[in-house]
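After this come two complexes, each holding chain A, first together with chain B and then together with chain C.
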Partner chain A sequence: MHEAKICLSLIDLAETHLTRAGGERITALRLEIGDLSGVIPEALEAAFPICAAGTRAENAALHIDRTSGRQLLLRDMEIL
Partner chain B sequence: MCSTCGCGHPEVPNGTVAHHPHPEDARRVAVERSILEENDHHAEALRKRLAARGIEAIGLLGGPGSGKTTLLEATLDRLGAEAVSQAAVEGDCAGDLDARRVAARGARVVQVVTGAVCHLDAHLVAHALEELDLAGVSRLWIENVGNLVCGEMRRALLVSTPEGDDKPEKYPAMIAGADLLAITKIDLLPHVDFDPARAIAAARTVKPGLPVIQLSARTGEGMDAWMKWVREGRA
Partner chain C sequence: MRIRVIGVGTRQGDDAAGLLVAEALAAGALPPGVVVRTCERPGADLLDEMEGADAVVIVDATRSGRAPGTVFRAAPEEMAGGRSLSSHALGVREALALAEALGHGPARVEMVGIEAGGATRDDLSDPVRASLAEACALVRALIGEMTGAAAPWG
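And now, the complex of A and B:
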């Protein structure tokens, strides 16, 4: 439940940076999820296609690097 | 179909430099930003607004049934005449049962029906507070099942004995964000398999030195220590 909300924040953030970079759409996103972030990577992966539908991140590949700590970061993305 | 590459994209007149983007044209853009940045901004703004009014916000975090509302009721009872200077934000998936319980004790309450999302976030709390008259309020209680920061200055995580002593091990993120671990419903210890030492050790593995209070809002055991912690923030 919580992951759906985080997914929407992720897409918002990604689309903001896509616009800033003058891109058209997002093809891949790379995240860093800490084990103390409170986010379950599998739940985020499950929520992503639904949340991304109809956005400029639709069909983007999600790469997740797991780390220790509390951070929940959008590291970088691939755009067209 | 695109005649340049046959990719299925609608035909674009030749001669344009990039007739349409192809995956091999993808470029990498560094972002390096926190996904919860927006919530963090809302939380920080809310914290500042409350602090400017001399209001301390305490978060009561814990799963459904961990005893958040019961502990708040017992706290309001002990605050006596001070109860009227307390305000509370109650997040619930549906209904206003908790809000009515707290309002009956004299506190000002605003109910946030969160629907399927269940947890509160800073934005929801900030909007909820617009409905509340904060004049004369000295302390704001935020009851929340989730762990997104909501503008609290201190956060108490509640784990009740029937939930099991493995809770702190299973939810390290909740521990990491807490300023206090309150083990609730200790009057039930003889009836449940809950080893307080195990729960405390697991919590302090994640957060060394985390203060712990064992209490029962029902019998009053441990409530003095709890009230001392509650009042510490305003000292």
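And now, the complex of A and C:
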């Protein structure tokens, strides 16, 4: 269940970057999720559309790269 | 069977109805396995409150267009949605959708709506205050239905 909170935090973070960059909306997000991060990529994918609805990341494409290690990283994003 | 009653709302006027119903229920006798909680920030917090429950009864003030003080079993789309403050401020609707999507949703979710009147701060409006007892009775009836027992308590 904690993926929902992580997803909300990621969207918050992405929106902060978007504001800083002076963009209007986020069209794609790329995450790196380590196998020891404790985050289940499938759960994050399931939570994302619901968490993103109504935010500036609504309808953004979510790409997840699975890596080894503990990291959970917002690797890059595409904005308009 | 782990049943959780969750009163949702804020302390602002009629929006407090769900919290007050939960507090009234918690003050009375409840069958074993029933836990009453309040949640003033639905969304991610509501997910935490639901976690591990087999069945959940959510009590919340609604603005569905019914007469103020109407107590009813609500459909998910009649519960407050929206995310006014920040992306952490999911509504009840979104929280339920999330629980479902993550496969952690309780097997059974019942929603009790109390239609709000005009009070937006401080005290409840009269029709809403008058409906609290009815809302408590409906929650007790739902618990009885879930546990398969009549309601000898409270």
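Assume the second predicted complex is superposed on the first by the 80 of 80 C-alpha atoms of A that agree within 3 Å, B and C clash if a C-alpha of one lies under 4 Å from a C-alpha of the other, contacts with A are read in each partner's own complex, and residues count from 1 in each chain.
The rule is short, and it goes like this: a residue touches a chain if its C-beta (ideal position, glycine included) is under 8 Å from a C-beta of that chain, and two chains touch if they have at least 3 such contacts.
Treat the numbers as computed from the prediction; the structure is a model and nothing was measured.
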Open item on the list: Looking only at contacts as defined up top, I'd like to know whether chain B or chain C touches more of chain A.
Closed with: B
- [ ] Please work out whether A:Glu3 is in contact with chain B alone, chain C alone, both, or neither, and reply first, second, both or neither.
- [x] second
Task: Which superposed partner A:Leu36 touches (first chain B, second chain C, both, neither) - done: first
TODO: Considering only touches as defined above, state whether A:Ile50 meets chain B (first), chain C (second), both or neither.
DONE: second
- [ ] Could you look at A:Arg70 and tell me whether it touches chain B, chain C, both or neither (first, second, both, neither)?
- [x] first
TODO: Please work out whether A:Glu24 is in contact with chain B alone, chain C alone, both, or neither, and reply first, second, both or neither.
DONE: first
Open item on the list: Tell me the contact category for A:Asp12 with respect to chain B and chain C: first, second, both or neither.
Closed with: both
Task: chain C-contacting residues of chain A that also contact chain B - done: 1, 4-5, 12
Open item on the list: With touch defined as at the start, can you tell me which chain A residues reach chain B in the complex?
Closed with: 1-2, 4-6, 9-10, 12-14, 17-18, 21, 23-25, 27-28, 31, 35-39, 70-80
Task: Residue ranges of chain B touching chain A (in the complex, touch as defined) - done: 21-23, 25-39, 116-119, 121, 146-148, 172-174, 176-177, 206
- [ ] Give every residue of chain C touching chain A within the complex, in rising order.
- [x] 43-44, 47-48, 51, 82-83, 86-88, 90, 94, 97-99, 101-104
Task: Contact set on chain A toward chain C in their complex - done: 1, 3-5, 8, 11-12, 15, 43, 46-47, 50-51, 53-55
